[in-house]
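The first chain written gets the first letter, and so on, giving A, B and C; residue counts start at 1 in each chain.
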Amino acid sequence: MTVVLHAEPALEVAGVFFAALSGGLSAVRKHLDVFGVLVLAGTTGLGGGMLRDVLIGATPPVGITDPVLVATALLSGVAIWFFHPGIARMRRGVVVLDAGALGLFVIVGTTKGLQYDAGMLASVIVGTLTGIGGGVLRDVLTGEVPLVLQDRQLYAVPALLGAGATVLLWHEGWLAAWSATLVALGVIAFRLLSLWRGWVLPDAAQAAWPGPWNGGRRSR
Amino acid sequence: MTVVLHAEPALEVAGVFFAALSGGLSAVRKHLDVFGVLVLAGTTGLGGGMLRDVLIGATPPVGITDPVLVATALLSGVAIWFFHPGIARMRRGVVVLDAGALGLFVIVGTTKGLQYDAGMLASVIVGTLTGIGGGVLRDVLTGEVPLVLQDRQLYAVPALLGAGATVLLWHEGWLAAWSATLVALGVIAFRLLSLWRGWVLPDAAQAAWPGPWNGGRRSR
Amino acid sequence: MTVVLHAEPALEVAGVFFAALSGGLSAVRKHLDVFGVLVLAGTTGLGGGMLRDVLIGATPPVGITDPVLVATALLSGVAIWFFHPGIARMRRGVVVLDAGALGLFVIVGTTKGLQYDAGMLASVIVGTLTGIGGGVLRDVLTGEVPLVLQDRQLYAVPALLGAGATVLLWHEGWLAAWSATLVALGVIAFRLLSLWRGWVLPDAAQAAWPGPWNGGRRSR
């Protein structure tokens, strides 16, 4: 596990930077002021880890104690501030880089849950939350229903599978730098593949079993 | 107190299931996808207890560590997914069952606050929050002003009275399985009675003392 | 530091009262019921400190354990309930008193972060959050994008500078009742001066460097 953790810092910094971009862009779209852009970038880049740390009792969370992570998230906000028209035009690039952040955050988050003895179930949950929590906070702060709950994309699903795989590897004693890297790559590949192939989740209108309990028909 | 806690698990599971239904239904109404329905069910069923546990330092919260509770909340989401037209039509039944969850959550939450030495005031607050917090998170995540703050129904009031009664019983040394059960039944009865009789809270437009400080008149 | 803390209680109570007013007024404007008005007043007056305490692991937070603070926030809600037309007409007075609360909360919050060994960076962040967090929770609970992120006013900036100054004083060994008081007065003066002179932050539409990365033009 130590190996896993030693391999991470540089990548985690990159993950925070790319995740924070989407927060900054959302702030610009909502016409927030410069403080709002920096806060949104910071919250989106660091918020998933902060929710994780509060839930597992790892306080104060790294998202407010680690100068490198905080500076990285703010730098991302500054980049958005000055270059948002250019960055917004690179939408596809931002989505791809964000998939990288997702893969990374899930491994880091799940591993931290395990280290803090949160248990296997809680580690899967906080691992997933590390990946998706920043975006949820971003959307709540900008008055939107969180995208991850409604856009039907496969974003949380690869996160959940990656967190589950990490916990299984740990349980079998196979969690190491190389295996964690494979899981992260798997999360990223699944995410990108789903984007490329246009895979989506069903929404509730399509659900509803047309059985007698439902009056024999689909409806909403 | 031990007696109280030993009597609870099966009932708590039922409470989580019924509370989660309202989250799942809200998700369906907002056209969330399948992940959103499960998350909303989970957050609504388990969120009050999670807020309580974070506030009293009982981390990681049972809402992410207890497999039975988590599975129950997700099962509730699955039930909504398949049978939402039927369940939505049983609106009255859902409201009654949700009153049961309220009564239960308040006792469980207040007792847990006392066990963690949060003090009497904080135990009343986290007990109430255990009852109403899941619905608040549900509404925040779906972009609504929390119903419990605006619908004028007597929902938080019985929760608050029940939490206060539990703390008083504890202070007097009378908290036991039978007395806690009586309090829970009292909360449920008060809630259902208020629904049946149409009792409502005043809203702010009706408040405002028409004194000289207010210019001698009521407004808005 | 002990001196600083001994000087605070009466002022902190005043700060909570005035901060809570804006929450109660917001609740009235949103037509919440009486429970909603009290909860919004409580959340706005005590929420910044609660976020701070959860982040630094000082659980349960004083916002739910301290009877004087809780009673003060509720009293503020009661005042709004009865006198909201009059208080709303004193908008200017509320804004000035709220600046006082801001200055106070930042010093109290930053000092508490330092006391709990959260570190210098985290203490600046939780100090600022103590000042602005209540308003953020108020806006999230009423379905608004937080004012502090979008209204371009210098509200968070004096808070941030005050928190930074407090940490620097502490680092140099100069943090005492008199120096902390000076910082609080500086925060208040800066806030009021910015209101008086109409100083505002830029918003994102005005940012965007017109360089080649942005296509050579400003846009949104």
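Rule of thumb we're sticking to: a contact is a pair of C-beta atoms (placed from the backbone, for glycine too) under 8 Å apart; a residue touches a chain by one contact, two chains touch by 3 or more.
These numbers were taken from a predicted model, which means no experiment stands behind them.
Undergrad: With a Cα-based fit, what is the angle in degrees between subunit A and its identical partner subunit C, given to the nearest 5?
TA: 120
Undergrad: Could the interface between the copies subunit B and subunit C be described as same, meaning over half of its residue numbers are common to both, or is it different?
TA: different
Undergrad: Round to the nearest whole Å and give the separation of the Cα centres of subunit B and subunit C.
TA: 29
Undergrad: Listing for subunit B: what residues touch at least two other chains?
TA: 54, 57, 140, 143, in rising order.
Undergrad: For the complex, give me every residue of subunit B touching subunit C.
TA: Residues 54-57, 113, 116, 118-119, 121-122, 125-126, 136, 140, 143-146, 148-152, 156-157, 200-205, 207-209, 211, 213-215, 217-220.
Undergrad: Touching residues of subunit C toward subunit B in the complex: what are they?
TA: Residues of subunit C touching subunit B: 27-28, 30-37, 39-40, 50, 54, 57, 59-61, 64-67, 70, 80-86, 89, 140-143.
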